[in-house]
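Across the two complexes that follow, subunit A remains constant while its partner is subunit B and subsequently subunit C.
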Partner chain A sequence: MTFAERMVHIDRRIIFLVIGLCTLLPLLHPVGLAINVSPEVRAVHDYIESLPPGSAFLLSMDFDPASKPELYPQAVALLRHAFKRNLRVIGMTLWVSGTGMADQVISQVAREMGKTNGVDYVFLGWSPGVGSLIITMGQDLYKAFPSDYYNQPTSSLPVLRDIRTLRDVNYVVSLAAGTAGIETWYVFGKDKYQFELGGGCTGVIAPGLYPLLRSKQINGLIGGLRGAAEYEVLIDQRGLAVAGMDAQSVTHFAIIALVILCNAFYAVIRTHARRSGQERVGRVAEE
Partner chain B sequence: MPFDMLLGAWVATGLTLFIFTFLYEDNPLFKVAEHLYVGVSVGYTIVKAYDTVVVRLIYEPMVKQGDWWLLIPLFIGGLMLTRYVPKITWMSRLAFAFIVGVGSGLAIPRVVSSYILKQVEDTFRPLLVLGETGGVTFNFNLADPTSNVNTIVLLVGVVSVLFYFFFSIEHSGPVRHAARTGILFLMIAFGAAFGYTVMARMSLLIGRLSDLIQFAAPGYGRASIWLLLLTVGLLIAWAFRSPERPTS
Partner chain C sequence: MTFLRRQLPLLITFVMGVVFALQYYVPHPASEQLLTTVNKWLQIIGGFALILGVTSLFHQHAVKIRRREPGWGYSFVLYAGMLLTVAIGLWVNGKETSNGTMTAFGWVYTYMMVPLQGTMFAILAFFIASAAYRSFRARSREAAVLLVAAVIVMMGRVPLGEHLLPISGDITEWILNVLNAAVRRAILIGISLGAVALSLKIIFGVERAYLGGGKE
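== the complex of A and B ==
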């Protein structure tokens, strides 16, 4: 077996080890690579910046713990920004399995920013229906959520004063790991009730959402851990996402190097096989 | 450190390391973590759904507020369960018909408007822009998604990909060239999607390793280090397990 063949058939556990080390070492010893902010992330940030204090901001955390590494930092950054701007924050989720985690993130950030439940923010929790839930919220928010996650009647909460329907909400951001998510909010929400909609998503579904961004169906998009890092840079509060960017860059370099090497070895194997084939044909012809 | 946080850290670390053992070989530790994950997520979903739907949205409004009309949708939903009784399975079709009918009625017009009409509208943008002085301008900036050159690229891409997926005529001659152009656009799109997927998977790994690093701190009782040693020890013991006796 030639060197190239041995390399192409290398034990995959060695590659796992290489990727693991490329991820672990930058986390232990960060380098501090520069992070450039993309226009789609800046669009979400700038829209929140433009909202006057007291505006209603609805954050729908449509993800479960499986997508926590990518979307939890986005939620933390957005909530910090919204609380810093003194917006009235309405939290909710369309994913039943993410309810506990969504409550945890909003309570934690609110505590950190000195905000009071019921006065500065409310967590509505989860309710069944997805599309029909959004439609019901668009017609009567209190019918969709008669009580919040802690069983307080929503109609008596100061934070929901003057908010009857989704039309009264100034900005909705959906942090989505799949369906139900940003597309659901657009199809059943914005298209009908005409509120401004932004999105945050995992890297897996981000490519499918760029058509919505281009057509201005959503005004901005925060994609994956990278998007969360860009948002943390914008609000000048570097956290988990920025800490992971060095590891992400090093891992990507490693993967690119492995892909190039593998293609080079494959090209060598093919050339060798072609030459061996030609030599064999030549010998047979002589015989 | 509160006990529940400490316990949570140790459990999370242990299960994360058990899942990672699959990278070496399938083993009982991985199976334990995998089954726990499935069981806990299903159990959590059932409990939350029961508390939110049955207790808060059905029982409390009916009994405490007198909304007895909720018995009608409750009955329709209950008809679904007749699936499990062979003699009255036909009754579940009434519930399915209601759900499919309402769902389609709500979804189809909205989806057609949002996904099809809006996207078609955005695909056909002006190729030339009239300037203030009456002349026409053409933006060559490829980095700007709204530039005129990108509008042409998008239009060519959409039309050529549609040609590729149109199998009612043979792909020969000009149709073949259009279809092969569509293939190029599809390859670029899938490549971008794959790249984003790789980035997402790496982000998940970064998230787990960040937690493992955090839980290696003395405040968490160095959970990551002790559990790593335990996991490696168990893995070695399992790898050197005595071979099973062959049955005669």
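== the complex of A and C ==
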């Protein structure tokens, strides 16, 4: 076996080790490169900046623990921004397995920002139905959620004063790891009830949401850990996302290097095979 | 019996399909009230579907355990985990916290489910790197174009890439906002037209796979 063939069939544990080191070392020794903010992330930030204090902001945390590394920092950054702007925050989730995590993030950030449950924010929790839940919220929020996650009657909460339906919400952001998510909120919510909608999502599904962004069906999109890092830069509160960007940078370059190396070895193998084939044909012709 | 299994579901599908397709365009309060009521029914049925799903999962793994099929030990672990979590959840009324302190259910969620799910997806990064190394080869012109675009986007989406090659950020934005958006839009339109066609077939009873009998 030639060197190139051995390299193409290298033990994958070596690749795992390379990726592991590329992720770990930058976390231990951060570099802190500058992060450029994209227009789609800035759009979400600027819209929240434009909302007057007391506006209703609904954050639907439609993800489960599997997507926590990418979407949890987005949720933290958005909640910090919303609480700093003194918006009335309504938290909820369309994913039952994400309920506990959504409760943790909103409670943690609210505590950090000195906000009171029922007065400054409410966590509605999860209710079955997805599309039908959104429609019910659009018709009558109190029918969809008669009580919040802590069994407080929603109709008596000061934070939900003057909010009857989704039409009364000023801005909805869905942080989505898949379906149900941003498209669900658009199809069953924004199209009928005409509220402004923004999105946050994992890096994997972000490219699929660009048609909605380009046609202004969503006014902004925070994509993956990079999007969360950009948002942290915008609100000037660097956290988990910015800390993870160095590791992501090195890992991306490691994968680029691996792909280039693989193609280089593959080209060598092909050239060698072509030459061997020509030599064999030449020998047969001489005989 | 055939009426209950065939004709009645088809009739309900037809009536509800036509009524709610038209309801969208009728802004009358009675129409909105009908929508609200039926959506509440849907939410209730959704709750029952959850029970159905769990029951089906139980049955599937019970058969595996009874027949001692390969991997039946894992089915046993699934049973134990599910029953334990349900029991604990019912004991604390499904709450992760109570008066600021974490409940047993919250402990199971925070220290078992969250790390396990996170780990499962975190290890994907290693497998993706290995798969990229083995299969991301420029075997043809199209594959070479895909490879170059992938490398540019991978560079443009991280600060190090933008630092080393500033233009990679702009090119990445262009690829995502122009090329990618155009192609995804075409795919979305195709899927949507297909969904409309399938919905009409279901409403008019042409497509009956959901009944379990297939087309007639």
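The rule is simple: the second predicted complex is superposed on the first by the 287 of 287 C-alpha atoms of A that agree within 3 Å, B and C clash if a C-alpha of one lies under 4 Å from a C-alpha of the other, contacts with A are read in each partner's own complex, and residues count from 1 in each chain.
Heads up, the rule we're going with is that contacts are C-beta pairs under 8 Å (C-beta built on N, C-alpha and C of every residue); 3 or more make two chains touch, one makes a residue touch a chain.
Because the structure is predicted, anything quoted here is derived from the model rather than measured.
**Q** Give the label of whichever partner, subunit B or subunit C, reaches more residues of subunit A.
**A** Per-residue touch count on subunit A favours C.
**Q** Report for A:Q248: first if it touches subunit B alone, second if subunit C alone, otherwise both or neither.
**A** both
**Q** Please work out whether A:L133 is in contact with subunit B alone, subunit C alone, both, or neither, and reply first, second, both or neither.
**A** In the superposition, A:L133 contacts subunit C only.
**Q** So, A:N263: does it touch subunit B (first), subunit C (second), both, or neither?
**A** In the superposed model, A:N263 contacts subunit C only, not subunit B.
**Q** Is A:Y142 touching the first partner subunit B, the second partner subunit C, both, or neither of them?
**A** In the superposed model, A:Y142 contacts neither subunit B nor subunit C.
**Q** Between subunit B and subunit C, whom does A:Y186 touch in the aligned arrangement: first, second, both, or neither?
**A** A:Y186 contacts subunit B only, not subunit C.
**Q** What is the contact status of A:L33 with respect to subunit B (first) and subunit C (second): first, second, both, or neither?
**A** The answer is second: A:L33 touches subunit C but not subunit B.
**Q** After lining up the shared chain so the two structures overlap, which partner does A:F63 touch, if you call subunit B first and subunit C second: first, second, both or neither?
**A** neither
**Q** Contacts for A:F195 in the overlay, against subunit B (first) and subunit C (second): which applies, first, second, both or neither?
**A** Touch status of A:F195: no partner.
**Q** Under the stated touch criterion, which partner chain does A:Y231 make contact with: subunit B (first), subunit C (second), both, or neither?
**A** After superposition on chain A, A:Y231 lies in contact with neither partner.
**Q** Give me the intersection of subunit A's contacts with subunit B and its contacts with subunit C, in residue numbers.
**A** In subunit A, residues 16, 19-20, 23, 64, 68-69, 96-97, 99-100, 127-128, 132, 135, 192, 203, 206-208, 211, 214-215, 224, 226, 248, 251-252, 255 are touched by subunit B and also by subunit C.
**Q** Which residues of subunit A touch subunit C in the complex?
**A** 8, 10, 12, 15-16, 18-20, 23, 33-36, 38-39, 64-69, 96-97, 99-101, 103-104, 107, 127-130, 132-133, 135-136, 139-140, 143-144, 192, 203, 206-208, 210-211, 213-215, 224, 226, 245-246, 248-256, 258-263, 266
**Q** Per the contact definition, I'd like the list of subunit C residues that touch subunit A in the complex.
**A** Where subunit C meets subunit A, its residues are 24, 32, 35-36, 39-40, 42-44, 46-47, 49-50, 96-97, 106, 109-110, 113-118, 120-122, 125-126, 128-130, 132-134, 136-138, 147, 150-151, 154-155, 157-163, 169, 173, 176-177, 180-181, 184-185, 188.
**Q** Which residues of subunit A touch subunit B once you look at their complex with the stated criterion?
**A** Residue list for subunit A touching subunit B: 13, 16, 19-20, 23-24, 27-28, 64, 68-70, 96-97, 99-100, 125-128, 131-132, 135, 146-147, 151, 183, 186-188, 191-192, 202-204, 206-208, 211, 214-217, 223-226, 240, 243-244, 247-248, 251-252, 255.
**Q** In the complex, go through subunit B and note every residue touching subunit A.
**A** 23-24, 41, 44-45, 48-49, 52-53, 56-57, 61, 102-103, 106-107, 110-111, 113-115, 118-119, 121-122, 145-146, 189, 192-193, 196-200, 202-210, 213
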